[in-house]
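Next come two complexes built around subunit A: one with subunit B, the other with subunit C.
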Partner chain A sequence: MFVKRLIRQGVSIHKLKTKSVPENFPKRCFQISSTQFEENKSIKIRDPFEDVKDKNKDTYLQMINIFLDRDHVYRRGHVEFIYAALKHMKDFGVHRDLEVYRSLIDVLPKGKFVPQNIIQAEFMHYPKQQQCIIDLLSQMEENHVLPDFGMEDQLLAIFGKRGYPVRRYWRMMYWMPKWKYASPFPLPDPLPKDTYELAKLAIERISNVDATNQITIYQTGDITDSVDDTWIVSGQSATQKCLLSENDPKDPVFVEGPFSVFLHGNYIYYFTLRGKARPYDNSYQDPDEVDKIEANFFTYKPPIKSIVKTPTVHEQEDGVIYAVCATGTSSKDSLLSWIRHLERDGNSVLGSLPIVFTLRTSNREIATVETEDQRREKENTQIGDR
Partner chain B sequence: MFSLRFKKASLNQYLLKKTLQRLYATSIKPIEKESTSDEEFNRELKKYDRLTNIATRTREKKPQREPFVKNLLIGQFDREILTFPEMELEEVRNVEEAVEKLSQVLQQRHMVNVNSIGNKNFRQNLADHRAIGLQSSQFLDGRECCPMELMRFLDTLSEHKLGNSLLHNEMLGVQTLNKFADDNLKKKYLHSVIKGEQLSAFAMHEIDVMDILKMNTTAVLSDDKKYWTLNGTKSLVVNGISADFVIVFAITDKAHAGHDESNSLTAFVVDKSTSGVSWKKIEPSNIEMADITFDNVQVPAENVIGKVHQADKILRSIIGDFRLSAGPACNAISRRMVQNLFKHIAELSTTEYNLADTDAMKSKLGQVAMELYAAESVTYLTAGLQDWYDEQDVEVESAIVKVFTSEAAYRISTICLDLVGQHATTTNHWARQAHEEILDYLTVHETNESQRMFMALNGLQHAGINLAAKIKRIRNPFFNATYSLMRIFTEHRQNEDKPKLDLELNAHLHPSLSDPSKQLEYCVKRLEFGTERLLARHGIECINKHADLRRLADIMIDCYVCTAVLARSSRSYCIGLQFADYEVLAASIYCNIAMERVRTEVRNLYFTEYKATDRNYIAFGKRVVQSKGYCLTNAISRFF
Partner chain C sequence: MNSLLGRLVCSANLANSLGKRAISTTEKLCLFWEKDDKGGYTDPLPPFTTRMKVGLSELRKEVVLWKEEFKEAFDGDPILIHRPGETDIAWRFKTEESLEKWKVVCDADHNEGYSQCSLTRNNHGNGVFSGNINLRVPKDGRVKRAGYCNMKTFAPRRSFKREAYYDWTGYNTLVMKVRGDGRTYLLNLATRGYFDMTWNDMYHYQLYTRGGPYWQIAKIPFSKFFFASKGRIQDEQRAIRLDMISAFGISAQDRHGGPFSLEIDYIGLEYDPRHVEEFAYEQYELENGLAGT
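Entry: the complex of A and B
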């Protein structure tokens, strides 16, 4: 037992003997993790973060200050405090704020946890504290918060250069910048809150498979008989217009949806205009036939030769996608207006085609961008249930 | 070959009969005209004052040869070409004399100051010296030049600032009528153009139409088959403002348009005074250009040039010659620039500091002279091929002339701008004006980029037909195992960039050109290798490898220009022309540069998958397309 403590705490072990923990101090004043919360329902847990009325960055930082001021001599329960603070970050809307993470790390004392010898260094000196900060760094990574070099200084002052959190920090500083712009479908940061803007982003992302795509914004109000008054973000490329005009007048086209597309945490409902799948031409020209090269005398554009008839990206196995859209209400009425708009906008063939609406029960809401109030309300009811 | 016989023809019936038979030999008129009475002969005779001065040329062209440059791609070098084509002494003397006179006329003050081709006196002055209708029949007061003479005349005409306009009139308008129009049209339009009374314009291009066979101008024949109704807009019509009539190309057979190369286009002569024709000047530009709109213009059926639906043949022939004619025009500008550059340097030289004697200036003067020499050689070699051989296929060669001469002139103009420096800041300085003049040759009508594609594709088409069986074997190694294994040994010299030089070109050249001829052989061998590689690697899909096609075209240009400079300098040296030793020097410089360039180009073709720049350019370009523009962050940005 003693050896174990010796390894963990090194030569400073003699100090422990002189210290005594006041018996009346609550062992746990902060919640550690949700699993414990579930299992030990008998334990009464006081979570000061939950009691805060006005949840924002200022109050969050205030909470940290309160903790620091409460007993700045024998500061105890850092780890528990940090875990609790981490848990509530989203509620306060500070989960993407580097400054907050830095002030959380600042809670730990400087110098105390720095290993003094090789054995301490090797066997994770103060493991609970180190693990806590590692968890904090993980949460930063999950929220795409890139640390700065000041944080390195903090971690070095707390855990020394052999500490695991510092190593974790170094790895993060190596990889995170590399991943930052790796997405082939970048979104603006921060993401707009407005569903209309989100819908535009979503439809742009879906339809950018075709370079000739064009995003058009229609208003249902422009259609005389429409009930709803909302916007329609419609995406249709020149190729799709051409494909639609070639649709056999006997074959109906289908308005299908809603399907969902995710933009970070938010999902947007969208609808497609689909036609019957086209037969696939499997024949190809033998590429070895080099005696059949055509040389045109008059063309000014670089010639293109394709030995197979490549279907366009819109011609899928289950059908040909003629257009996509997202509307403000996702209602059948707004989709009808969409079709009318498309017909006016250079797809006159739609007037003569049978159009089938195969909609699943559509929500009234197009997207679930929760406002702060809604979320709080929801959580309050959940807590109330418990 | 040619022998030129001048005969003072007395007015005897025999000659008259013979000449008129000759005149009507190409006619599509009904036959009964031929059996006209002697009185009618006399009446015809009075129209042609100059009948007594007609020079008859007994044309004895050599039989057609295989296309030269196209054959280079399959490794066949026609050594006959190395004897640079030349004209008879008598012909040369006559041309030089005429050119001298024309040049003097063009230098007269009232001619120099003319700013518009619309000036009738200017044109009539030229017509008096028979400088319009150079290739037209002498019965229409043309000159009936052979291609090499034509080059010399065009060279002289291009010295005038309206050279480009004259060239368009001559090579497009006059030549279309001359080659393809029937006698009525010739009499009505061609003769008045040659006389300088009228001016032609050639309306083929449309804005935003990249394929001529898919143009938007259409013509429909009326029910009584008396007139065509023409609709559409032609853009970039050179001389479109001053012209009296326009030669218009229109789609007349919609069913075939764009699909079938033949059977869709028809050419018309349209008077600009016809109702429904309107035009708008394109400004500002160095050369007179207009957009011409045809709105339900009625064109009489007899104004069709050539056969209905067959105008693509007209275009093919006329445009081919037009490409060639860009050669003398660009060379004239280049020559003027070299002269002016020397003058400029001489002016700056003083006794204390002799600028003209510094290496800095001498090396640049040598470079521009070499460029000009190469450009001249390639122009006259191509004209000579047309001249010497019957119906010679010079499609690719003409395109090479256009690309090489215009780019040589462009390079010379940038060198001039570099050396002239601050003097060229004013827009009316000669260096800047010449630079802008050259830009017209690079931009109007066809770009050099499209010409390169044209060259490479035609070459590959020819090579593909000849190499089809071989390529099939190379592309299917498992079916032809022994052949593939053998190729390891037969091709190892090419793979190591050390081809065996066994064409023996030096046997056809002066011995002092032996080393440069080896360099040409190397280029030709590598061209063959590059072609085979390209076809074997991509098969018929090589059409899509535009970056490789461009490189192939560059190699073709280098090979052909090398041939031209070697042939010309060898001929000059052998017959002892003045400064022939410097011609040899110029030829060896060019071959040296070309060989290094070809070495790199072929390496780029060969390594295309691994370390060639093209592949990486394409990858980068793809990103630029995806990002819809330049996408890289600025040099000082950081985010942590």
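Entry: the complex of A and C
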């Protein structure tokens, strides 16, 4: 027996020695550094994931493999390793990758944590390990990663049928598909990173209220005298063109904004072309109203006068929306180009209307996609302030 | 002995110099009777004398309320027929007093986060629920995740602070006229029961908003609302009891930080005869000991 073990360990040590470990990978995991009780008395926690230079999926999986290879005889520290790995998923860009989650679960040994009797099953056998995988699953849920059936087999092999992670998995498989496509305003998954594509999505989503809507892409360069050279995503429907042509020439139209629309973590700033609110005649007489029945048997006329034109969706209580747009720079100049383009594009009435620009801030980036580093930096400064 | 004392002092110094707890703690899970229906989030009581003063002034208001109740009982004209296609307004923001029916809470109020929110009225007489969701978790070693803003109605009550419920049995659809910013909000219908286990019973459904300058009317049947307690979806689902609504609320808590704003014209109720579904989720029996444990 002893000899057997010796042979096995010898092989493993040999394997480790011959294995080529990249330079930038730390040699030891999860150890409080020896500087702990030195003069500054601050705890330095060495985090192997932090030290990796190029962070991507390959290096992440390599980290898992290194962990598995290091202690493959008496493996320990699974829970600490998984927690540390979960913390750094976003940095490596693997937080939406099912394969990575599965290989993290694979770190735990199969069969060891399966309860052997009713008492163990009832009192959460190996609670730290179970809670760790529950946290992993909740992180998956938070990132909208739907598990697959292979993960069920994994969890059953590790924790058995009565394990809490398995039950959490079943719940996720019941509820998550229900909500995946529940939104009436669907967006592609994953979202494009380009602000131009995002702006197109945003304007499409806003102007989809009207079936006759049309998204047009203008270039500011096409307008002479324009300073900026950028794109304009403009949304205007046939109904809106019609409404704009009916605008009273004395009433000005307003270019307003920027307002923001939120697409899964990205803010897109848009502008509206708005006219004065139109009075809606709400004095419709209900012919079935009981207390106003008149017995006019001989002088009855059908109530044609009381027919009221239903307002379109664009006629809101705070104004009539004539068009919406998002531009590459959100600058006043690009909006001026937008108006010029609209005028050319079948809204000749804009040439004679007074146009008022009421912009809250002139220059603003179209989208703010906060990176992880920026957030941290901000956090640190805020902590300093407090 | 000396070395032990030395180590203790050393570790105390260490903890002080860090300014935070060096030992990680685990949240306790209490499976026994809860004495506080707010789950420990109640403010401490004011001193006895102030309580007496406030209580006496409250008494007058309560008697007025009691009188009103009596009058109403004699008048007695409850809505018996809910005409299809007609929306009965439950909440609206046309007057400044209408804001008093709502309570706005975010995680920063309990020192559990850094979000901010407010409920105001704009020039057009619409309620605007806006604020900033901050996902930053305070480093107190207790809170695991943060970032929510919530508005909810105060529980309905009768005179002398007796509890009551909204009775919405005649309706089957929730109607909301809102103008959102493209975020997804969570609608909460609390059905507080008598026993401590049922204090936190709540039914939820998502409110998807389009974003942009257009109003949208969201009609959500009550059968779609799913059952949860303390924010956890329960395994054993059952249809909502519409005669036991104790509060209505809207939460902004999608896991993206940043500013949000939701403009609300009205929150109403409707009876839709075409909607016959009683409950949208499966209710078959599961194997013993797997669900609801």
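The rule is short, and it goes like this: the second predicted complex is superposed on the first by the 299 of 386 C-alpha atoms of A that agree within 3 Å, B and C clash if a C-alpha of one lies under 4 Å from a C-alpha of the other, contacts with A are read in each partner's own complex, and residues count from 1 in each chain.
Assume a contact is a pair of C-beta atoms (placed from the backbone, for glycine too) under 8 Å apart; a residue touches a chain by one contact, two chains touch by 3 or more.
In this text, all values refer to a predicted model and were calculated from it rather than measured experimentally.
Shared-chain residue A:Tyr280: touches no atom of subunit B or subunit C.
Of the two partner chains, neither subunit B nor subunit C is touched by A:Tyr74.
Contacts of A:Glu317 after superposition on the shared chain: subunit C is touched, whereas subunit B is not. Of the two partner chains placed by superposition, only subunit B is touched by A:Glu289; subunit C is not.
In the superposition on chain A, A:Phe298 makes contact with subunit B only, not with subunit C. Between subunit B and subunit C, C contacts the larger number of subunit A residues. In the superposed model, A:Trp175 makes contact with subunit C only, not with subunit B.
Of the residues of subunit A, not a single one touches subunit B in one of the two structures and subunit C in the other.
Only residues 37, 41-43, 142, 162, 167, 170-171, 175, 179, 182-185, 202, 205-209, 259-265, 267, 270, 272, 274, 313-314, 316-318, 321, 324, 379, 382 of subunit A touch subunit C when the two sit together in their complex. Subunit C makes touch with subunit A in their complex at residues 10, 13-14, 17-18, 22, 124, 136, 181-184, 206, 208-216, 233, 235, 255-256, 258-260, 289-290.
The part of subunit A that touches subunit B in the complex is made up of residues 146-149, 173, 177, 180, 211, 285-307. On the side of subunit B, the complex with subunit A involves touching residues 210-213, 261, 312, 315-316, 319, 395, 446-447, 450, 453-454, 457-458, 460-461, 463-465, 467-468, 471-472, 475-476, 535, 538-544, 546, 549, 625, 639-640.
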